[in-house]
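Order of writing sets the chain letters: A, B, C, D and E. Residues in each chain are counted from 1.
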Amino acid sequence: MKRIGDVVLDVKNISLAFGGVKALTDISFDVREHEVRAIIGPNGAGKSSMLNCINGVYQPQHGAITLRGKTYHGMSPRQVAEMGVARTFQNLALFKGMSVLDNIMTGRNLRMRRGLFWQALHLGPARREETEQRAAVERIIDFLEIQAHRKTPVGRLPYGLQKRVDLGRALAMEPSLLLLDEPMAGMNVEEKQDMCRFILDVNDEFGTTIVLIEHDMGVVMDISDRVVVLDYGKKIGDGAPDDVRKNEDVIKAYLGAAH
Amino acid sequence: MSQAPLLDVNGIEVIYNHVILVLKGVSLQVPERKIVALLGGNGAGKTTTLRAVSNLLEGERGEVTKGSIELRGERIEKLSTSAMVERGVVQVMEGRHCFAHLTIEENLMTGAYTRKDGRAAVAATLDKVYTYFPRLKTRRASQAAYTSGGEQQMCAIGRALMANPKMVLLDEPSMGLAPQIVEEVFEIVRDLNAREGTTFLLAEQNTNMALRYADYGYILENGRVVMDGAAAALRENEDVKEFYLGVGGEGRRSFKDVKSYKRRKRWLA
Amino acid sequence: MGPFIETLIGGLMAGMLYSLIALGFVLIFKASGVFNFAQGAMVLFAALAMARFAEWLPKFTGLDGKLVVNVIAFLGALAVMVVVAWLVERLALSKLVNQEGVTLLMATLGIAYLLEGAGQMIFGNDIYKIDIGLPKDPMFLFEQQFEGGILVSKEDLYAALIAAALVAGLSLFFQKTATGRALRAVADDHQAAQSIGIPLSRIWVIVWSVAGFVALVAGMIWGSKLGVQFSLSLVALKALPVVILGGLTSVPGAIVGGLLIGVGEKLSEAYLGPMLGGGIEYWFGYVLVLVVLLVRPQGLFGEKIIDRV
Amino acid sequence: MLYRENGQFKTTYGADSQILPIRQDRIAFAVLMAAAFVVVPMVSSEYLLRAIFIPFLILSLAALGLNVLVGYCGQISLGSGAFMAVGAYVAYNCQARFEGMPLIVSLLAGGLGATVLGVAFGLPSLRIKGLYLAVATLAAQFFVDWACLRLPWVTNGSSSGSVSIAGLSIGGISVESPASRYLLCLSFVVVFALATKNIVRGHIGRSWMAMRDMDVAAAVIGIRPMQAKLSAFAVSSFIIGVAGALWGFVHLGSWEPAAFGINRSFDLLFMVIIGGLGSISGAFFGAAFIVVLPLLLDKLPYWTGLPMDTATASHLALMIFGALIVFFLIKEPHGLARLWATAKEKLRLWPFPH
Amino acid sequence: QAKEQFFPLLVYRTGPYSPNGTPWANGKQDYIKLINARDGGVNGVKLTFEECETGYATDKGVECYERLKGKGASVFDPQATGITFALTDKVPNDKIPLITLGYGLSASADGGVFAWNFPLMGSYWTASDILIQHLGKKEGGLDKLKGKKIALVYHDSPFGKEPIPLLDERQKMHGFELIKIPVTAPGVEQKSAWLEVRKQRPDYVLLWGWGVMNSTALKEAQATGYPREKMYGVWWSGAEPDVKDVGEGAKGYNALNLNTSGQSPKVIQDILKLVHDKGQGTGPKDEVGSVLYTRGLVIQALAVEAVRRAQERFGKGKVMTGEQVRWGLENLSLDDKKLAALGLTGVIRPISTSCTDHQGSTWARVHTWDGAKWAFSSDWYEADAQIIKPMVKAAADKYAGEKKLTRRSPADCQS
């Protein structure tokens, strides 16, 4: 059984505006170790912006984020990455010109240190390092079942597989906190099942904490431990899936009557 | 399907980059005033099929090497995309493709580029689109690049509607939309189909939704049509149920329990 | 003081002429996302056509009367430029839909070579004259106040006025008309524009024809000043920083950029040049651009560069 | 068929990430190297060596360097002529000012000089992108052109502004004969090509490509934009600088700033794009195209047997050159290297298409 | 098989310099055709040629040189100072002489060091020297130049920079002020240069331009109101293409000239009759006899005479090698009689070279554009050997020092 732990990520009173558009208004929530935390909300509610704030792509105007005891207001994406946060992107941000293998290898970049000189020679340490990291990446490739596409340029892969590679790249960072932005968009049920399997495995086996944005309520309700609901940049609900499902505001703003 | 179909795709093959064979003889018919769904997993070739119809393959370095495509009996493989739009066939591209630097409203207005029926008519359509997607109205003055993924999706659909099309090729309309909006989009499809007689060919992953709204469905796997039939019939098919609707023999299975043995699809055997 | 004012005025007028060429770049970029390196070659081509037509007309038809000849030659050259636009679309652009910016840029360099070769082959590679009656001798103002007066080149003055009129006209056309919007849509995303029925080929022929027209006017003015010869195509290099400074997508930007660079480079040449060894106007515009871009990466009036995930 | 990878299984990751994973390719490569090092210098005429092979090699090297920047890191540069110039002039000054400076050291110093400039002009790339950057790099081009022309110490006070180098030798061995010059260039090219290939398939190369393809995502997975871009600028300009030094020392012998003008920059960019962005072999294909084609076109009147005066012939050559560039871009926007790869892929699948 | 003497012709008929390069190239070609048509070659040796387009670019020029030298070249006229600089290091190995008539390295007049360069009839030092003499004469004595301002508007390249050392020297001697205004190649952007001229108001402007730079300079001078009468060009800045499209605006402009122009000289008549009227002419007929055409013709004529002279020593009716042609070039002696025989009477002054003097003559005249044609406006001047000789020697010695060359011995001159 899962041991949900302490708070690892604490978001406090975050506000973010672009010109006149208030993307986020005074949002607070927390994420606990090992849990799967979902963020849902209608389109344009500010979900992706929230992730962008967490990993340093956007700098919120107000509020603070505390990650493993370290509070920050503005950190570069790289610094956040060094603290073990990885993410996937809503609009596929893969490196189009590179193969699947190389894309996932970039996820190991933080761990590779050999400088230009050794790289140029491709001998000794550089080669050893490369082989070691490659082994780790191969494990991820096996795990995601994309062995056959290893050398394919990602641009040629169908959308669903690209999403998987995106996940693979994030996993390669061996993150302790994984932010997933609509990882299952554009997939059919079978593929969603696969994706869920991967997410749950990561969560179970490596104990990775997961923040998940998803529009498929079936998925959200089934696999998340707690759910935050945003609407027009405001938080309108927070709690266990079943509670959220019954929340009037949430039904009105997001779920619609049918669900 | 008694009357001659509006669109008749006959055994087409599509090759990308001269080497990658993607469609291996796909045939399908779309009757006038009907909604036809094109289903299938990732990489099955749905998008490619739609591109072949709307002639958007060239920019992707793809080409139709075999077979024929007819619209109302006219061969259309050689037509340009804009000629297709003039014949009333508009595609909503997968992955949104809004004009990043144009505002939402400008995006919508470009959709009316081929319209010849005057300003007032265009304005009326714009109003219609705004009533379908109120969210767009509130964001009408932002540059499309700065709107959320879902807003862009709405914009792309709305933009196609601005052309007052006879037939719409919808590529993954539900992707990235909130469930409520998905519902709405499909309602809009049904509405347009019923009221204005617009024909739809709809590539979808969301099989459940698609089969609820479509009249007929084709299932594509690996560049071939592996199954087709009336939507209702497909919904009852065991394989479709299991692999596309996620309801195995014993009812809907939780996503939490999927880490089980995967069954092979019967048609691959 | 006198020399300062003269330099300033000279700079302004040179700047206006740069703008004229920059305008051609902006038009095509705005409307198709193509950074058209062939603009210089188009200027040369158009000017050669006009110069030679003006020379041949009286010779072969016995027509004379400077105005008539010039007008007919101008129209003839314009027709040639439309044909060029059509050919460019047919043979190159239509086959490069949806390609990346660099690829298109390289293609226009190829087109530039083609035009330079063809232009000189058809029309010759000597120095030719365009005589549209611009006065060549300068006028001197304020002769009382300044020793030797303030020199103003009448020719430049007229040229600047023509340029200004052209620019004003084009900005009007571009702002808000439906065609203008379609053009911008094409620049953003070729494929999406196609998908909603914008006929790329027609749009491109139109834009390249308009750019051809601008090139012709620029060629006519520059040609009348400098003579028409291969080197005319090099003036495009002077217009590049102007385009970038003003912002690739902004018509008014091309004007402001032109004036800034014109004035900046002439003044700096006159006052900083002697300290640095002279000739600094050669790079001044580019370095100015570099500095400005550091502050505004999209140029002064360009559309903000969008990058978000 | 002969060209198959069937049956060649990779059992280690090392083997799998070889530069040439297919055995037939390795054999072909070995043959090519043998030909380049042994056969070519033995059988080629002086003209062939001096006017074709040497410029081809040096420009390939420069294109290789530029490809690092444009092809791998996605930063368009129109200023590569300037980097070649800096390489050449720094190397020249080393030779002219320091008695007995070894040739190789001077050449590498040229590369380092270019690196410094490259990094300086690379700094703006952190903010400026795309075509804006491309035009901004022209600042380097024009500034350096100007400096070489107007600052006397650049040319070591040569009153004409033209500088020359004579009596090349390495460790006492004269490098004057065409064959020895050719071998010198070839060695540089091979060494740099291998080193570059190694870098681009390692993590540094991947960080360049990541910046090129999607810089925000790259930052999110922990790549430092500054480090990635500047290292690309540095490596690229180093190689281009060395190529520039070779161009001055080995090919021209005596040169003026005009030798590294803006046309050189355009030519290099052509090579990279026609050859194939982000491909090592592309640099060679591109250089071959740009070096050899004009020479072939010069022979046009001779081949067609048409009496054609020089001017017409060279205008025609210019037109054909332009037309071919457009043609190849249409045929394969990813360059000759990709065309080659596609051909190989077809061969591999032959006789079963697709 | 008939014997053939091959002449490689480096030319530029395209690019910014083509208006000037083209008549020059035509003159060279027509003269070869004339010799074949009129004399059947040189003592029975037919003359052949092949052109190579350099575009005035140094690297292209080097490529052309490499290509044509393999085809039996025995003398080159690079048509550009930049190319000359690049070839100067190469020719000693290949043993092929360069004729750089009126251009190239001024120091290469010293045949003792520059064994393979022949700046026949003058260099940029002699040219600038003559111009200063002329200005001095106009002012009523060189001493009157004191306090005057003379601006040098020059093509910023080895070509344009060549006269500077001599002008500096003269400046020291006479106390005028030399203002140097460089123009970046190819010279279509001169606005600042002429605003500078206007600011400085020099008494004279010396123009060291080539190609489009010349006509542009005249147009800018007009636009900034600088009197053309006070402008003096080098002999490369005073031909028809430079003033043609400026027309009236260039009236009064002066330039040096090394040769006559016009269609009256016998050699020109011969060409018209034996080449052009036979439909063999290279360029348009009305260009024959123009300034640069004639200059090209003269260059080719001297090359042919060198071959003829060499044949006198090494065997008539034989094909001459580069070394033999060099001997011919070092032993030219064309007096009035010989010139007359060649139809060159009045076209150039007599010239005679030696192993140490590769120049042979340093005379030039000034001509002036009257709005329709060039007309001579001064007498012949000879450059002041007292000033130039030591400069040449010093520069040549310095060059020899850098390249570790030793001066040729008198014995070497015999080979």
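Keep this in mind: contacts are C-beta pairs under 8 Å (C-beta built on N, C-alpha and C of every residue); 3 or more make two chains touch, one makes a residue touch a chain.
What you are looking at is a predicted structure, and each value in this text was computed from that prediction instead of being measured.
Participant: Please indicate which chain is farthest from chain C, where distance is taken between mean Cα coordinates of the chains.
Facilitator: A
Participant: Averaging each chain's C-alpha atoms to get its centre, pick out the one most distant from chain B.
Facilitator: Measuring from the centre of chain B, the most distant chain centre belongs to E.
Participant: Determine which of the two chain pairs, C-D or D-E, is joined by the larger number of C-beta pairs in contact.
Facilitator: Counting C-beta pairs in contact, C-D comes out ahead.
Participant: Nearest chain to the global Cα centroid?
Facilitator: Ranked by how close its C-alpha centre lies to the overall one, first comes D.
Participant: Between chain C and chain E, what distance separates the C-alpha centroids? Give it in angstrom.
Facilitator: 37
Participant: With centres defined as the mean C-alpha position, give me the chain A-chain C separation in Å.
Facilitator: Chain centres of chain A and chain C, defined by C-alpha means, are spaced 49 Å apart.
Participant: Between chain A and chain D, what distance separates the C-alpha centroids? Give it in angstrom.
Facilitator: Measuring from centre to centre gives 41 Å for this pair.
Participant: Using the touch rule from the top of the page, what residues of chain D touch 2 or more other chains?
Facilitator: Counting only residues that touch two or more other chains, chain D contributes 146, 149-150, 214, 216-217, 220, 311, 315, 318.
Participant: Could you pull out the residues of chain E that touch at least 2 other chains?
Facilitator: If we look for residues of chain E contacting two or more partner chains, we find 13-14, 18, 22, 156, 182, 184.
Participant: Could you list which residues of chain A touch at least two other chains?
Facilitator: Where chain A meets two or more other chains at a single residue, that happens at 57, 89-91, 93.
Participant: Going by the contact rule set out above, which residues of chain C touch chain D in the complex?
Facilitator: The contact residues of chain C facing chain D are 35, 91-92, 95-96, 99-103, 105-107, 109-118, 120-121, 125, 237, 240-241, 243-244, 248, 276-280, 282-283, 286-287, 289-290, 293-294, 297-299, 302, 305, 307-309.
Participant: Tell me, which parts of chain B touch chain A in their complex?
Facilitator: Residues 16, 20, 39-44, 94-95, 135, 139, 142, 146-151, 153-154, 172, 175-183, 205-208, 243-246, 252, 254-256, 258-259 of chain B touch chain A in their complex.
Participant: Touching residues of chain C toward chain E in the complex: what are they?
Facilitator: 3, 6-7, 10, 14, 120, 125-129, 136-138, 140, 148, 151, 153, 155-156, 225-227, 229-232, 234-235, 238, 265-266, 269-270, 273, 278-279, 281-282
Participant: Taking the complex as given, what residues does chain A use to touch chain B?
Facilitator: 18, 21, 41-45, 48, 90-91, 156-161, 182, 185-194, 196-197, 200-201, 215-219, 222-223, 254-256, 258-259
Participant: Which residues of chain E touch chain D in the complex?
Facilitator: My answer: residues 11, 13-14, 18, 22, 25, 51-53, 55, 57-59, 62-63, 66-67, 70, 82, 85-86, 88-90, 105, 156-158, 161-162, 164-165, 182, 184-185, 282, 403-404.
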